[in-house]
Amino acid sequence: MGRTAEIVQRATDDHSSSPTTLIEGYQAIREASEALCKPLEIEDYGIQTMPDVSPPKWHLAHTSWFFETFLLKPYLKGYREFHADYVRLFNSYYDQVGEYHPRPQRGFLSRPTVKDILSYRAHVNEAMQQLLGQTDHSAWADIETRTVIGLNHEQQHQELLLTDIKHIFACNPLRPVYRDLPQISATAAPRQWIEQPGGLIEIGATGEGFAYDNEFPRHKVYLQPFKLASRLITNAEYLAFIEDAGYDRPELWLSEGWKAIKEGRFSKPLYWELRDGEWWQMTLSGMQMLDPNAPVCHVNYFEADAYANWAGKRLPTEGEWESVAAVNSVEGNLRDAGYLQPQASETEGLQQLFGDVWEWTQTAYNPYPGFHAPKGALGEYNGKFMCGQYVLRGGSCVTPANHISASYRNFFYPADQWQFSGIRLAEDVS
Amino acid sequence: MGRTAEIVQRATDDHSSSPTTLIEGYQAIREASEALCKPLEIEDYGIQTMPDVSPPKWHLAHTSWFFETFLLKPYLKGYREFHADYVRLFNSYYDQVGEYHPRPQRGFLSRPTVKDILSYRAHVNEAMQQLLGQTDHSAWADIETRTVIGLNHEQQHQELLLTDIKHIFACNPLRPVYRDLPQISATAAPRQWIEQPGGLIEIGATGEGFAYDNEFPRHKVYLQPFKLASRLITNAEYLAFIEDAGYDRPELWLSEGWKAIKEGRFSKPLYWELRDGEWWQMTLSGMQMLDPNAPVCHVNYFEADAYANWAGKRLPTEGEWESVAAVNSVEGNLRDAGYLQPQASETEGLQQLFGDVWEWTQTAYNPYPGFHAPKGALGEYNGKFMCGQYVLRGGSCVTPANHISASYRNFFYPADQWQFSGIRLAEDVS
Amino acid sequence: MGRTAEIVQRATDDHSSSPTTLIEGYQAIREASEALCKPLEIEDYGIQTMPDVSPPKWHLAHTSWFFETFLLKPYLKGYREFHADYVRLFNSYYDQVGEYHPRPQRGFLSRPTVKDILSYRAHVNEAMQQLLGQTDHSAWADIETRTVIGLNHEQQHQELLLTDIKHIFACNPLRPVYRDLPQISATAAPRQWIEQPGGLIEIGATGEGFAYDNEFPRHKVYLQPFKLASRLITNAEYLAFIEDAGYDRPELWLSEGWKAIKEGRFSKPLYWELRDGEWWQMTLSGMQMLDPNAPVCHVNYFEADAYANWAGKRLPTEGEWESVAAVNSVEGNLRDAGYLQPQASETEGLQQLFGDVWEWTQTAYNPYPGFHAPKGALGEYNGKFMCGQYVLRGGSCVTPANHISASYRNFFYPADQWQFSGIRLAEDVS
Amino acid sequence: MGRTAEIVQRATDDHSSSPTTLIEGYQAIREASEALCKPLEIEDYGIQTMPDVSPPKWHLAHTSWFFETFLLKPYLKGYREFHADYVRLFNSYYDQVGEYHPRPQRGFLSRPTVKDILSYRAHVNEAMQQLLGQTDHSAWADIETRTVIGLNHEQQHQELLLTDIKHIFACNPLRPVYRDLPQISATAAPRQWIEQPGGLIEIGATGEGFAYDNEFPRHKVYLQPFKLASRLITNAEYLAFIEDAGYDRPELWLSEGWKAIKEGRFSKPLYWELRDGEWWQMTLSGMQMLDPNAPVCHVNYFEADAYANWAGKRLPTEGEWESVAAVNSVEGNLRDAGYLQPQASETEGLQQLFGDVWEWTQTAYNPYPGFHAPKGALGEYNGKFMCGQYVLRGGSCVTPANHISASYRNFFYPADQWQFSGIRLAEDVS
């Protein structure tokens, strides 16, 4: 675990953390966002290629808006907002804060310019430094908690930045390169089954380290005995499914997925491309030949589920996944490793739990028993999306290493492909 | 429990049932479908007012197709199909049977006429009588099982018939009356809380009586202690939510629900109508003044969930609901009671569990642990819809009494309003 | 010219017509509408297969509404309207009369039943008889004029009835037969060019015989010398265009037409169907093999224009067409001939000007110089549609013979295929 | 007329023009495009706010593509194309050149960057200089003709640049200012009627000066006597229409326009905005209070036609307009005047014919008699759009002065508002 992570986590665990370290964490995370944008041209910052994608500069501004809205305005005496219109322009979806610019029109905002937004960030950073220096503030505990949320929020947007840049570049026939990236050449280890006894276990955040509201309360779940695959499904394995007419056999698919296929909405992992009989895929390094040993990536829930059906297996539940992950350390091909693409691994035994790709579970994203969204606008962060989505676990190759944990619940709609998502199988023990 | 129910249930319990009784059950249920259509004009049989709605005559034909496809063609030697095109016209969604007429175009089929379809039914009935007489058939066990599924399937379509006729008549400015119906005038009993200890319990079909595949396998679930409301939410209670600006307060709504409201897709229970300051609603008896004591009906999941938030409560999970229902007898305002509209009840204590309205649970419609859809086209009956829907429990005033049970899982999309659905609250025990 | 036609025309020419004859005309035309529906099943009367199509019973009701609204209510003392809701249900598009039932939902109206609508017709007919007997009515001139408009309106809907029944039956996989129909077997005459000198000519209604407002005022138009094809384009000729990759060559198409082709909105005449290498087409007699000698039918403007480009010719203007038609008698394969399908003709010389198919002209449907829509709701009949449509001339095999004339302007959108429309070429004289 | 205009026009009139002058014209017009972009930030160059709008940098690239495709590749020996992908990226709609990037996705192209596109322009300019120096080229006549077309094409895109920048800035809640602009303060002169005798006249390009293919051939048209308003409709006059419930009275509107109003697609001129009871409008100088004396701008055909109906007048035909304009000199508030917004004028008599706003005529955009689109891809320039659009005349405040003439035919769809379009009335002489 890196230094920043330690700082942030300690800050969250108890409120005895010295403000200096929180400030350092703040600086490191905020700088990281801007560093991620360094390879971009000014022109790249403003593009929105579909409603789910936000322009890179919008991410830079919105994360600053978060600190301005939830920390500076309520807690920093005399704080002067940077620009009156930004409250609306960079509000993502917090209805209790007020109206917001329509999501599909984020790509219409040529102004504020990149330069304006960097000034906005500097303005917010300066004020946040000031606020984080006021350890004797009567609301210090809230300030600390919200700052840590704000930093985790910024890290989520760092992942989105890379996810969205990939989409933006993939929509461009010139297929630009974000960065030349290293790549591991290896033969995938054979898949093994990790058998688990199940029983009455506990899942959810323990209270150690940062966790979002949707990871609480920790609670009991009863699991049947089950087996979990030791590694992720590879491109070669997924290709076998395609070549076995996987996309033409309705019996493998959920009804909605099959309908979407017939309407031509998807027919392969998002960035795959067949050129003269060979499969390529778009990566943050531009077009690359498909590595058969690397984990398949950018599949949606329908594809993950159909693949599992084809293989005669199933996807794990989030309880199953967490029960296994909770006793493993958070290590893997996360963003800090610098690959920004899932990688093959020849290590035997349980692997790739963290990093590489978000793993689809068969669990609908619902509140945990006893969950209550916090009062106020911050309560809109997670709770109001608990409908129609599925839980994904484990982080990906674009997730900051100190942002992910065994109890972390990510969620996407079953048709979504643009996030770094893949497949780990499970199986009943009969 | 009526006679037909007994016949059907006994036929399912074990395969020792005498074929005569199964034949009687078959006759009774098949006749009931036609009896439900008696009040219709020929013109009413062909209308489809939205893709979810099927024309009444389509229901009559499709249920016959079910017997023809899954029983007569595979098992009755020398069976001659009624019409070569019907295999396609009246297949609802069984991809493994073959292509099917597009769902939104069911209302384009002026031919076959009602008379043709009644002939089709007679043809199938005659052949089914013959088949059900062959108790020495080598596949008799399968024939019995599939016949019982076919009869439950027909009963589901009987509920859909009434549900769809209501929609068809409500879309007609003349607001036709399906039938003059009795109505109970009563003051709703005060709402009480039934407290439950939770713990490790079992839900799912026990194997006694008929159950669909999606009710299996019976399995353990861990429940926190909880409280269940003794009765359904009434129209008067729901009206208080509306009058407290319920539809204008984003903090009460799931994000998708709020988006749908802003797009004007719903703003009140489906059949409510404000006329000169008074609330009316469309019923199968035509327009009626809203009964404040009767349970609210035709609300979608978003509305049920928002109402619960507004009331400071929540919806029950399906495990909670079933744990309570399992020890209660299946009684209530079901179709056989003849009201065809939810009714007020002044009885104190736990009530309205069965009948009146389907009760939204907060549980996404997912497979039970260990669930496997059966092989073949019949496996498409339930399994392929396990995505994006919510479970509803308890049946409604248009559900046949011998069709419902404590383990029965109905499912609809969160935006659906046209089925007879309502609200029962639950609450955590702190 | 048939007897009915004479009656109607004489009634229009001057106001000295004896009311008896107008009454006879009224009866004949009203009965004809019902006679056209005789081959239908009750189920056929209510179907709407696309927004442009109206259910047959809606046509029967709307034409009665027309007489009720524009004649009985304003002029017949003591007239009692048949049903208060019909004013809204059967208003097509007259905003000045009031609100109307949404066009795409005409197929939702199972009630009023066919029987109800026939009673409505009888009620209106009785009252109209009464009104037409009041020749001493102070507004008799208006009554006569409006009655004649109403009868021509009814005749337009007779054409629509057949056009819409064809669409309804063609959308049904059973492909029902409306009526067994005779068919002419002949070799198409060779195409010749009729050369015309052009110059300053006059077009528009002369005032003799009935004409709609949009045919006025008669006015001068200057024409270049031109040539008009002696006959319509045949199925064989159109097939040659298809086989020469006509639908794959963008240079032949208007930009909007090409876009529609790429979106899969059309790729052949509406009712053509290729079965085992042979072309068939849906007709009012059900599926028939394509007659290579018969005129091509159910092509839209884009197809007519692309065909002309492919042939190195062009479509005529409405001025060119009318200048030729004006000196020819109104004869041809019109509805009264009983074919209800365009027919091959081996006669040489100018032919098929009237009947067979409506002929697309290259003239946008615009007001004639000096045109003013009449005041009041009747002014909405034609004027408000003068935007985005093209003029078609000459009537078709489903147009009543006494309804069409050389100055008659029909109009459809360039993408419309469902009316009986075809192609006659023209050419510049260089 | 400015110097550039003279150069270009002389170049077109006869082929004896010295190449030096054509080169100078080329340079001046190409530089003007870049000069128009000077006030933009890099971020502004890539935005597409609706499918009709193209990003500014796309205009800069496409106009270069035009010279590359139609001049350099066919005529300049040894020409090396700048980038292989640009043939596809910057082809607007020339199907005969090949496939093109989907129009609604022009805003997804962050690459090529603005810098890349300026290099592309420089590359093309250098090659064009070379080509235009080859006056002894065997295809010199074609080269001259096509260069002049390319320069007029570039001028059309200069108008589109300003039109689209206005839309882009108006979609931005910050309402950026393109340039501070002068404004005339004046009282509009009283409206007078210019009476014309009509008769058999000629319209269309005379062959003097440049003209597009769609202005040919010059041909005879017969006009009834008519009156043309001496000036454009002002904002104050249009406001009176609004305040007289103009948008609520169906009898004033074409059917399609009324449908669009009810669907909420427009309800006032595009850039009008009511703030605290006062009308403002977005301009290229940002938000400005509405000048009651200035001509109304950004109205669509439906609005122009409805206004005329309300005023008891009509729109002119293109023949009427041209017959008057042909004898007037091309002078007015055109782009070179530097206002970039229509201006009030207190001069009496016929005025504002050229410049200020494009004037909607009631004439559908159709081919002139005898028109033939040229062979080859250049033939797609105008001909394939002759469907569904209306002709506008006279240029606007963003049209280059030496680009417009009395015979120039512009065309837009009746619902389009974003171009600088306004209203001049006409009237029949009774």
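For clarity, chains are labelled A, B, C and D in written order, and residue numbers in each chain start from 1.
In this section, contacts are C-beta pairs under 8 Å (C-beta built on N, C-alpha and C of every residue); 3 or more make two chains touch, one makes a residue touch a chain.
Note that the coordinates shown come from a computational prediction; the quantities given were computed from them, not determined experimentally.
Counting only chains that touch, the fewest steps needed to get from subunit B to subunit C is 1.
Following the contact convention of this document, no chain is adjacent to both subunit C and subunit D.
Each chain's centre was taken as the mean of its CA atoms, and the one lying most distant from subunit B is D.
If you match contact pairs by residue number, over half of those in B-C turn up again in just one of C-D, A-D or A-B, and that pair is A-D. Subunit A and subunit B have centres, each the mean of its CA atoms, that are 38 Å apart. Annotation: 60 Å between the Cα-based centres of subunit A and subunit C.
One inter-chain figure worth recording: subunit A and subunit D are separated by 47 Å, centre to centre, where each centre is the mean of the chain's CA atoms. Chain-to-chain contact here is organised cyclically: the chains close a single ring, every chain touching exactly two others.
Across the whole structure, chains are in contact as follows: A-B, A-D, B-C, C-D.
The part of subunit D that touches subunit A in the complex is made up of residues 41-47, 49, 85, 88-89, 101, 105, 107-114, 168, 171-174, 176.
Put simply, subunit C touches subunit D in their complex at residues 93, 95-96, 200, 219-224, 250-251, 253-258, 301-302, 317, 362-364, 366-367, 369-370, 379-380, 384-388, 414, 428.
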